[in-house]
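Mind having a look at this structure? Questions to follow.
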Amino acid sequence: MKKLLNDPADLVAESLRGLDRAHPELRVDHENRIIYRADAPVSGKVGLLSGGGSGHEPAHAGFIGPGMLDAVCAGEVFTSPVPDQMAEATKKIDGGAGVLHLVWNYTGDVMNFDMAAELAAAETDTTVEAVVMNDDVAVEDSLFTAGRRGTGAAIAVEKIVGAAAEQGRSLSELADLARRVNDNSRSMGMALTSCTVPAKGSPTFDLPDDEIEIGIGIHGEPGRRRVPLAPAREIAQMLVDPVLADRDFTGGDGVLVFVNGTGATPLLELYLMYGEIAALLEKAGVVPVRTLVGPYVTSLDMAGCSVSITQLDDELLRLWDAPVATSGLRWGM
Amino acid sequence: MKKLLNDPADLVAESLRGLDRAHPELRVDHENRIIYRADAPVSGKVGLLSGGGSGHEPAHAGFIGPGMLDAVCAGEVFTSPVPDQMAEATKKIDGGAGVLHLVWNYTGDVMNFDMAAELAAAETDTTVEAVVMNDDVAVEDSLFTAGRRGTGAAIAVEKIVGAAAEQGRSLSELADLARRVNDNSRSMGMALTSCTVPAKGSPTFDLPDDEIEIGIGIHGEPGRRRVPLAPAREIAQMLVDPVLADRDFTGGDGVLVFVNGTGATPLLELYLMYGEIAALLEKAGVVPVRTLVGPYVTSLDMAGCSVSITQLDDELLRLWDAPVATSGLRWGM
Amino acid sequence: MAGLDVDGLGRWLRIYAASVAEHQEELTSLDAAIGDADHGANMHRGMAAVVDGLAATPPADPAALLKQTGMVLIRSVGGTSGPLYGTLFLRMASAVGGETALGPETFAKALRAGVEGLVARGKTELGDKTLYDALGPALDALDASLGDGEPLAAALHAASRAADSGRDATTPMVARKGRASYLGERSAGHQDPGATSAALLVAAAAQAVAEGA
Amino acid sequence: MAGLDVDGLGRWLRIYAASVAEHQEELTSLDAAIGDADHGANMHRGMAAVVDGLAATPPADPAALLKQTGMVLIRSVGGTSGPLYGTLFLRMASAVGGETALGPETFAKALRAGVEGLVARGKTELGDKTLYDALGPALDALDASLGDGEPLAAALHAASRAADSGRDATTPMVARKGRASYLGERSAGHQDPGATSAALLVAAAAQAVAEGA
């Protein structure tokens, strides 16, 4: 394993120290591993909290700032944070209008956020609502399973709800909006290579040089199936087809297309993939009106990409375009 | 080789097609492989042109926009663009105040930009000045060699000169400013792994699992020396020491520290490296006042990082903080 | 034996911590195959914190020890296993009341209460390919042995064998809960990491009681 | 032989293009060792474009052919080798004036003019570990052979041998120009990719003249 670290056990803590030094506009509670806006709590504004395992940078801390999240909790690599962190973060960002937990749908994250909400309810008078984000069509959805994973669409949810929160909307309005953006979104990912979890020190899975994994999760969980290495054009089709099969994206005011890099795939290739994907969408009558291309939800050093499509309407478009100032997404301010 | 592409020979052309679709605020001349501001030429403003081989994304196209570059030329992977491209781009962005060529110091780039300036002088009445950026302390500087390489400091030069160009400064003032920022900057990089050039299909160099390359170039050119794999703390020292040995950074109004990822190294690790580097700088009496951490000048899928330090003063600080709106760097607008 | 007092329970947790440390790589490898390669690290981090906590702030009685263990696990593990194992110990703590030494029946009842809490938290059932597939059979074997008049040591020994069989039985299962469920049919053929760490927990209890006897 | 006319020069370039295609991987591997692994792709892209251009717009005379070749190389190669090889052909074009068939002396003079242009553009000298280290000795051998009264075919054959020796002599050199110079002492022990493609250029000229004879 070749990584820029000292001891794998200290990776997250030391990375947060660097993040803290690099971003004066953020505060880091190192004991609790909470990263939050320096001006938190913003009085009268609903606080937005997300977070999850580390290893997905710039998610999650890269999306804290005006127009997006107020705080995130950082877990160990690929491991959900714990309820105490979340409860403490909830307190830190409660500006009197309640706190919305934006939870990526993984069993661990959901259970820990549940317990955090119970803690918060017991210890404070903060009103907490939680919305679970589950956009990954690679996974069969059913009441009797863990359900679909939360992947790239979380960026759209967090950005759009973040903009609405700045407008002073209420907790329940924001929760509804988050659910709506989540419902409007679908994602599908693939991996060219496995990632290497530092504590393990070797790749999570073996993928032969001539095979790729379709339907990969953001923690290097194996996907739907393995197929032979294929040209980008065919890979684009393998990602777009299941997304479009799962939801009709031809209506509304066009879509947001997010082509995400999983860590080790160069932007040069991601733009090429975006070209292939946009061509397929247009052929299917789906109109990209906003685009995001880059490594925003990574899986450590995994090579690969995912595509997320979000159906937009006039309101969502305006909220997407509204100013945002985070280290990961920034415009208008 | 596992990459998201169709035919390696079409990689750059197809990636530019995706870039074109993704960025309505840019224009792409596909025949000449020029990417430029949709509103070019900006009347009365000096046009800023840079570029180089592809494979360094978001450099170079990611830095086109208000407050930074007006156009870039894209070469084949790791191969300088050609004079015709540069001459054509020069025409496209000439708003009547001349065009500044910001050239990364590589023999090929310098020769091609030289020829482009000759062409532009012969064919048009555009005034062209060129500034060569050469910040990489890994390379011995001498009149009898190719000199130091242009690496990460180019981002500081392009950002700061871009802000000054928006203020309407003259071509010769901007050229002086570019030289000053370049003189104020030093860089040093390292690689954990080699990159794979698509046309070659296999890694440029073999690096054993327990060795790293110190002083690597941004095209996977082997560096100063190989050393055993070391903790991040020691690697930080191997990068910071030669930078501080080459120039005194204790004066002025502090420094800009830029920790660059070379492509396959996760942000989680880059922040850890920034923490180590900032600690070393502070111990040496060097004060980081601005920070940039992320993959901005990549080398395809190479794992590794580089550090660039730029001495700031009041003027440079204001120009760095001025609004910029590119896909790679954006704030204030 | 009169029952498990705070020392006996402490022994159990220390033996379990050592066992998790020893099997850390195995747990992580199992998780790499059908999950995200962190179960060994998670359990090791948690149990090391539990043992540290016991040394730093020795609890006064079984309920305090079990509660402290549950809280430390919830605070230090995260992921799926943190809340689940944490809940198990918290519910055990509630079930033992103020007793200073847990007799066989009390221990068995508390363990069942703990596992039921875990099941409720995880919304899981037998056959989902989770830690419950090792713990469920262990509870039944424990009750059966005690019902037959066996001493706690022997009954826990039987429970440990049942947990091992339950763990082995997870291999052919298609996961319906947790991260392995994303794999669908591809999850079959792999032993569940959580069931593996759960079987170690029962084995550690058997050993702790045997050593205490 | 009367001299190299537009067909003979076209033959040279087609032979060179085929030779570059054949040696593309070798050129790239040499460049991977002390550069950036693109010299084979660069030269192949350029020479393929030159050959396409000759077919698409056949030039009328040697000067036109050499100029077109230089322009195409400058426009299609990029990097270091594009301007250098391009300059070589542009300067050759200027040197041959309006002649329709280049006699041995004219060809030799033109080649020297071309190489001098390249040297000026690259600010290089012998021993820098560049293409000049193959081309310089080739020019001298060519002039010497012609001075000895040898026919062009034989003289180019001698020049080609000299270029090959010059190329081989780059191996121990420490590079002072181009990307290999960044390596300092570590560049010694590797044959220069540019000198290798340059030796192929001289060999192609010898073959073209031999075949035309």
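Letters are used for the chains, namely A, B, C and D, taken in the order the chains are written, and counting of residues starts over at 1 for each.
Everything that follows uses one rule, which is that a residue touches a chain if its C-beta (ideal position, glycine included) is under 8 Å from a C-beta of that chain, and two chains touch if they have at least 3 such contacts.
Not measured: the values here are computed from a predicted model.
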Q | Steps in the shortest chain-to-chain touch route ending at chain D and beginning at chain C | A | 3
Q | Length of the line joining the C-alpha centres of chain A and chain D, rounded to whole Å | A | 54
Q. Which integer distance in Å separates the CA centroid of chain A from that of chain C?
A. 32
**Q.** Touching two or more other chains - residues of chain A
**A.** 77
(Q) Quick check on chain D: which residues sit in contact with 2+ other chains? (A) none
Q | Chain contact graph, described as a line, ring, star, complete graph or other shape | A | line
**Q.** Pairs of chains, among all present, that meet the touch criterion
**A.** A-B, A-C, B-D
Q) Which bits of chain D are touching chain B when the two form their complex? A) 28, 32-38, 40-42, 45, 74-84, 121-122, 176-179, 181-184, 186
Q) In the complex formed with chain A, which residues of chain B make contact? A) 2-7, 11-12, 14-23, 54-55, 57-58, 62, 77, 192-193, 209, 212, 229, 231-233, 235, 263-276, 278, 288, 291, 293, 295, 298, 300-301, 303, 305, 325, 330-333
(Q) Help me check something: in the complex, which residues belonging to chain A touch chain C? (A) 53, 75-84, 106-108, 111-112, 114-115, 138-140, 144-146, 149, 197, 199-200, 204-205, 217, 219-224
